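See the structures that follow.
Each of the next two complexes has subunit A plus one more chain, namely subunit B in the first and subunit C in the second.
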Partner chain A sequence: MKNGLLALSAFLLASTASYAADPGVSDTEIKIGDVNIMTGPASFIGRAVSVGSKIAAAEINEAGGVNGRKITIITEDDGYVPARSFQALTKLIEVDEIFALNGTSGTANVLAMMPLIEENNLPTVVTTAPNELVYQPVRPSVFTVGASYSDAFYAQLKYIHENTEPENAVYGLIRQDDDFGGAVEAGYDRAVKEFGVKDGLRIRFKKGTANFAAEVAQMRQAGVNVLANGGIIAGAANILSEARKLSMDLQVASVWSEDMPPSVNLSAPAGYDYLVADYVALSGPAIDAFLEKAKKYASDEEVAAINRYTYVTYVGLKALAEAMGQCGQDLTRACTVEKLRELKDFDTQGISAPLSFDNPEQLSGTAVAVYQLNAAEKTFTALTDFADY
Partner chain B sequence: MRTGHFKERTAQLVALSDSKVVWSFAGLLLALVLAAPFLIGNYQVTLLVSAMIAIVGAVGLNMLTGTTGLISLGQAGFLAVGAYTNAILMMDYGWPVWLSMPAAGVVSALVSLLVGVPSLRLKGLYLAITTLAFAFIINHVILYAEWLTHGPNGIFVSGAKVFGVDLQRGKALYYMTFGITVVVVFAALNIQRSRVGRAWMAIRDHDIAARVMGVDLLRYKLYAFMVSSFIVGIAGALISLQIRFVNIDVFALILSIEALAIIILGGLGSIAGAILGAIFLSLLPEAIRLFFDAFADTNSSFYTTYVYEIRGITYGIVIIAFLRLKPEGLIGLWRDVRKYWSNWPLAY
Partner chain C sequence: MDFLLLLLASGLVSGAAYGLIAMGFALIFKSTGVVNFAQGELVMLTAYISFTLYSTFDLSFFPLMLVTIPISMAIGLVLERLFIRPMLGEPIFAIVMVTVGLAVVLRGITIMAWGPDPFNFNAGIPTRVVTLGGVPFYPAQLYLIGALGVLTAAGWAFLRFSRMGIAMRAVAANETAALLVGISVSRIHAIAWMLSAAIASIAGVLFAANFKLAPDLWFQGLRAFPAVILGGMDSVIGSAVAGLVIGVIENLFQGYVGQGLREISGFIVIIIVLMVRPFGLFGSKDIERV
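Now for the complex of A and B:
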């Protein structure tokens, strides 16, 4: 009788354990969420992110899935509005019952989702907002891929200082008046102090500013000939256009958003062969191989939407799948988080530097390579290999 | 069939409604809203909380724009002031939420004086631009006064507890928001029927005539700004509690436009309209999503590629069609339904 009761108790406990499995996992499927900018002016970023997840999931599924389970991506639009990111993630958790999160929109959007991520111990790979605010303080289930804007600008200015610096160099900075701009300025500040170069002028502008005539005129008056251009997309293009009007001879360091085709189309007419530093490859065999893969798994419209955010999201989901795969059949969020934390030198096939989250900040992909635009041909050439700065 | 309204006592004149049917329906609705968290999922509860916060904000804006006729595009600024006041007082000064929330309203009301006083001689689009400028200034102050607002980094908001109950989650947040919504709506209904409310309407209808009748324009316009901003500040505080994070990006200027759209779509000047408009615009995206999920081939290549464009365009078309077919807003539609119901079977 006593043994029977024990056996029954053991059976009930085992049943409870199997029913207590984390949401989003069945015998055949793993649901991965993606909150992204699918509408509005920045939707080309969200679309690219979504394509990256789709290609990675298709490739993994074709190879048999994660221990036999197929990955399903569920995307929600936040329109780049933090309040909507919060709502979107609530839906993904409560209605769609996702297991983990890969696409995470902008910095403020990730931060708005952070309480929900922490509450649910949701394995999250942040690939599009590698901001210090995201990985400091460290949240146990959050893993960030990407370099800091600070390092990216430092790397470019270092390259200019060591290789192409003009005579009587005067450095200048123009940057947004927000957290992103602050990170850009940190890299600039480090560079001018370390290299002992002349810091001509630093200008802040409000996000969304379209006319930079006054700012660029100030730059010219200060004699700036090495410009850290903290504008993004149309803003960056307007700054270069104003500089061209004033016939300024400039070495330009830019934000990595300026290596995306829409940005290049806007900026290239000014004729500056500007630099960018990025934590993903922009050209070379790795990208050629990726684009071949993309043609197999994505539609023509989706292939046309590919940019750097596609590569980094692809890499993020592959790393997540690797960690989930290491958990075997007993896939739980806790195990995935643990395996992500142990991830070391994960090969991204040259799309970025190998990923390792086994560091206190759970941050990887911090190595950047410096590229230069050929404005006439709208192509990028790598000037350096991936390196940490 | 009802034949008319005959008032015999003062109490009947000041009652919010003399109809038992109205009170019965209100009671039924109240019971449904109170039971909702037990009947629906957490996501739907989150949507309802967002809708209720939108109601609070819309009722506040309606007092200024709908009742007093002062167009404001500064609501995002007042929401931000309320949210940041609540966040700063709770997180940096350790105030309990039951003190920080009213303080959010008070600070927002006081800040409204800054825009209210210079705006007293302005009307229409000129006032709208002035209030828009105010929202820009608030934006700048939040970004640059880092010692107070933490600048662009934002503030995480946590620990809003009363008697050990966490007011930032699930049912507790729902009932608190519902309670505040009810109080705000009843307060607004009563203010509208008071001397102050009648003065606001007189200003809206013809400010010179109102002045001739003895309405002090300076005082009553400032009252309108302060009362409206107090309520909008409370809505901002609620946003900070729901999202648990405030940052300047949360209060983009588009919020001001959406707030105006809510009260126009609901029916300008009507509190019921503001409520209907807030519910409609808050839940419309979800309704569109459910509609397409139910009736569209969600696996088709066209749908998966253009789903967000399709939803966005549908959202715009619904709003345009609504305003074209029912320019007096949702409250006009509601009045038509009510009239039809009251006069049935002789409705025309």
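Now for the complex of A and C:
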């Protein structure tokens, strides 16, 4: 009887070893959550994000996992609705018991989830919403990857100014009348002031605008020949289409959403070899190698969904796995957060600039490279290396 | 002058899109007294169906519309039979709520079937720029303006001279009296939905040919709604004209005043007009607003 009690006590002690660890970790598995836009018009972002996590997890698991533990990705759809993001993360924490979070949807969505992230000290890598509101004020367990729209536009306009600026250059800006548009304008403003070029016209438009004929006519009237195009996807394409109709000779800087295949398909017929600046690579050996990897770990349908959001989420999970790996067998959220905070020059194999979170904002990947579209072939060529601006 | 012409031309293009969508709203309201909040979704769904037909059979514009329109009319009939007919006799508000629900369902079905990616859809219309009176146009823009002209004329002739059109006006004027003289009101309702779906398909295809095909196309239904109010809820022709008025005013405001006043300008005009003529520019005085 006494021996039985001792054996039971020993068993309970041994079993509490795993219960003592943070949720989402067992001897064989680490559960990583992913709150994402899987339905609705913006779901092409969510699908791409999801594929990035899947490829990174498959690659890590094939190499033996994180100190022998396999990564399991659990995805929840938020439909790009902040209230649903909160519900989704509640479910991931309370029902699925995730250990960390990699997919975080849009800016408003990650902000909606922030109380839960902070309350649970959930190691979180934000890869698709590099917005100042996310990393200021700094939340201890939140690490952000990505550059600002402001830097992205400044980088492109700097390239145009130094390399391809037309004679009698007149700069113009068209942007959404929201925070995103404000960030675009900040980069434009910095560029025109610093370069001392003629600021021809700045136009705001409401999200969802389809017909830009009046705005583009205004641009032509103002003599604009360097355009900071703050439209996205169909909006950006409609702006370029109107410019083509008016036979405008333009150098065009664009939002990084315009390097995604659906956007390129819409905009390329206008014939403008526009620029984009992005904090992930769009072409070259790193992307070729990634796509080979993708064919190994993802279905044809998933490979077709790959875009820049796939790359950025892939590097996000790799960075998270690196930090978890450094914690050894005693994996806890506190340790992971500490290791992420110490992460320096983490090599992403050329997919982005090396990642370092050892800065006050816990922000990395701020370096952007400038690319140019070949509209006829729908391919991008790198014009600059990754650089901070 | 050149700038003014550009603004007027672009105003006519966007106005024609508003007008076409608004005609669909007005046609159903005139015949049934119901504001169909799924009209924008009908525009979107029929445009996507046309896109599939175009991608599959590589048709040019007119053959494409010859196939798209009957399919759209069939969809209109099915929607009316399944969702609206069972609500006959129920309060108008309840029927309007059914159309709101229908809108959500159609939106979901469209994204499920075609996905969230936007598409280039030229609908078999050439994309070479043509110049008229010194103003450049894409052919699809001219088709849009032309379609509004043809449909407005056809709509006027239909309501004025055809047996069916006169029956429709009779139902709109007094449903009970129309029933008493032997007009099948339920048949008129079904025909209104079919014709409205046909107009929606033309609007949807031409809008997509001009401004891309994307899952937010349904939103144009809301953007066109001020044209229905301005023209008069029960005036099919008035809605078409009001669409043009709003389109031109919006573009002139954007061009000369700028900075986001495009959307506001249309509503300013509506407020002023409704203060003088509460039933709209061409509407009947005694219509019931929902």
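Methods note: the second predicted complex is superposed on the first by the 371 of 389 C-alpha atoms of A that agree within 3 Å, B and C clash if a C-alpha of one lies under 4 Å from a C-alpha of the other, contacts with A are read in each partner's own complex, and residues count from 1 in each chain.
Keep this in mind: a contact is a pair of C-beta atoms (placed from the backbone, for glycine too) under 8 Å apart; a residue touches a chain by one contact, two chains touch by 3 or more.
A quick note: this is a predicted structure, and the numbers were derived from the prediction, not measured.
A.B. asks: With both complexes overlaid on chain A, does A:G182 touch subunit B (first), subunit C (second), both or neither?
C.D. replies: first
A.B. asks: Could you tell me if A:S43 is touching subunit B, subunit C, both of them or neither one (first, second, both, neither)?
C.D. replies: So A:S43 meets both subunit B and subunit C here.
A.B. asks: Scan A:P115 for contacts with subunit B and subunit C and give back first, second, both or neither.
C.D. replies: First partner only.
A.B. asks: Which holds for A:L133: it touches subunit B only (first), subunit C only (second), both, or neither?
C.D. replies: After superposition on chain A, A:L133 lies in contact with subunit B alone.
A.B. asks: In the superposed arrangement, does A:G68 touch subunit B (first), subunit C (second), both or neither?
C.D. replies: neither
A.B. asks: For A:N265, using the defined touch cut-off, is the partner it touches subunit B, subunit C, both, or neither? Pick first, second, both or neither.
C.D. replies: second
A.B. asks: Check the residue A:A217 against both partner chains and state whether it touches subunit B (first), subunit C (second), both, or neither.
C.D. replies: In the superposed model, A:A217 contacts subunit C only, not subunit B.
A.B. asks: Going by the contact rule set out at the top, does A:G196 touch subunit B (first), subunit C (second), both, or neither?
C.D. replies: Neither partner.
A.B. asks: Which of the two partners, first being subunit B and second being subunit C, lies in contact with A:K206: first, second, both, or neither?
C.D. replies: both
A.B. asks: Return the residues of subunit A at which the contacts from subunit B and from subunit C coincide.
C.D. replies: 39, 43, 177, 206
A.B. asks: Provide the residue numbers of subunit A that touch subunit B in the complex, in ascending order.
C.D. replies: 38-39, 43, 77, 81-83, 86-87, 90-91, 93-95, 106, 108-109, 111-112, 114-115, 133, 177-182, 206, 299, 301-302
A.B. asks: Which positions of subunit C touch subunit A when the two form their complex?
C.D. replies: 3, 6-7, 9-11, 13-14, 17, 111, 115-120, 127, 129, 136-138, 207, 210-212, 214-216, 219-220, 250-251, 254-255, 258-260, 262-263
A.B. asks: Provide the residue numbers of subunit B that touch subunit A in the complex, in ascending order.
C.D. replies: Residues of subunit B touching subunit A: 41-43, 46-47, 50, 139-140, 143-144, 151-154, 156, 158, 239, 242-245, 247-250, 252, 254, 301, 305, 308-309, 311-312.
A.B. asks: Once bound in the complex, which stretches of subunit A touch subunit C?
C.D. replies: Of all residues in subunit A, those touching subunit C are 39-44, 177, 203-206, 208-211, 213-215, 217-218, 220-221, 233-234, 237-238, 241, 244-247, 262, 265-266, 269.
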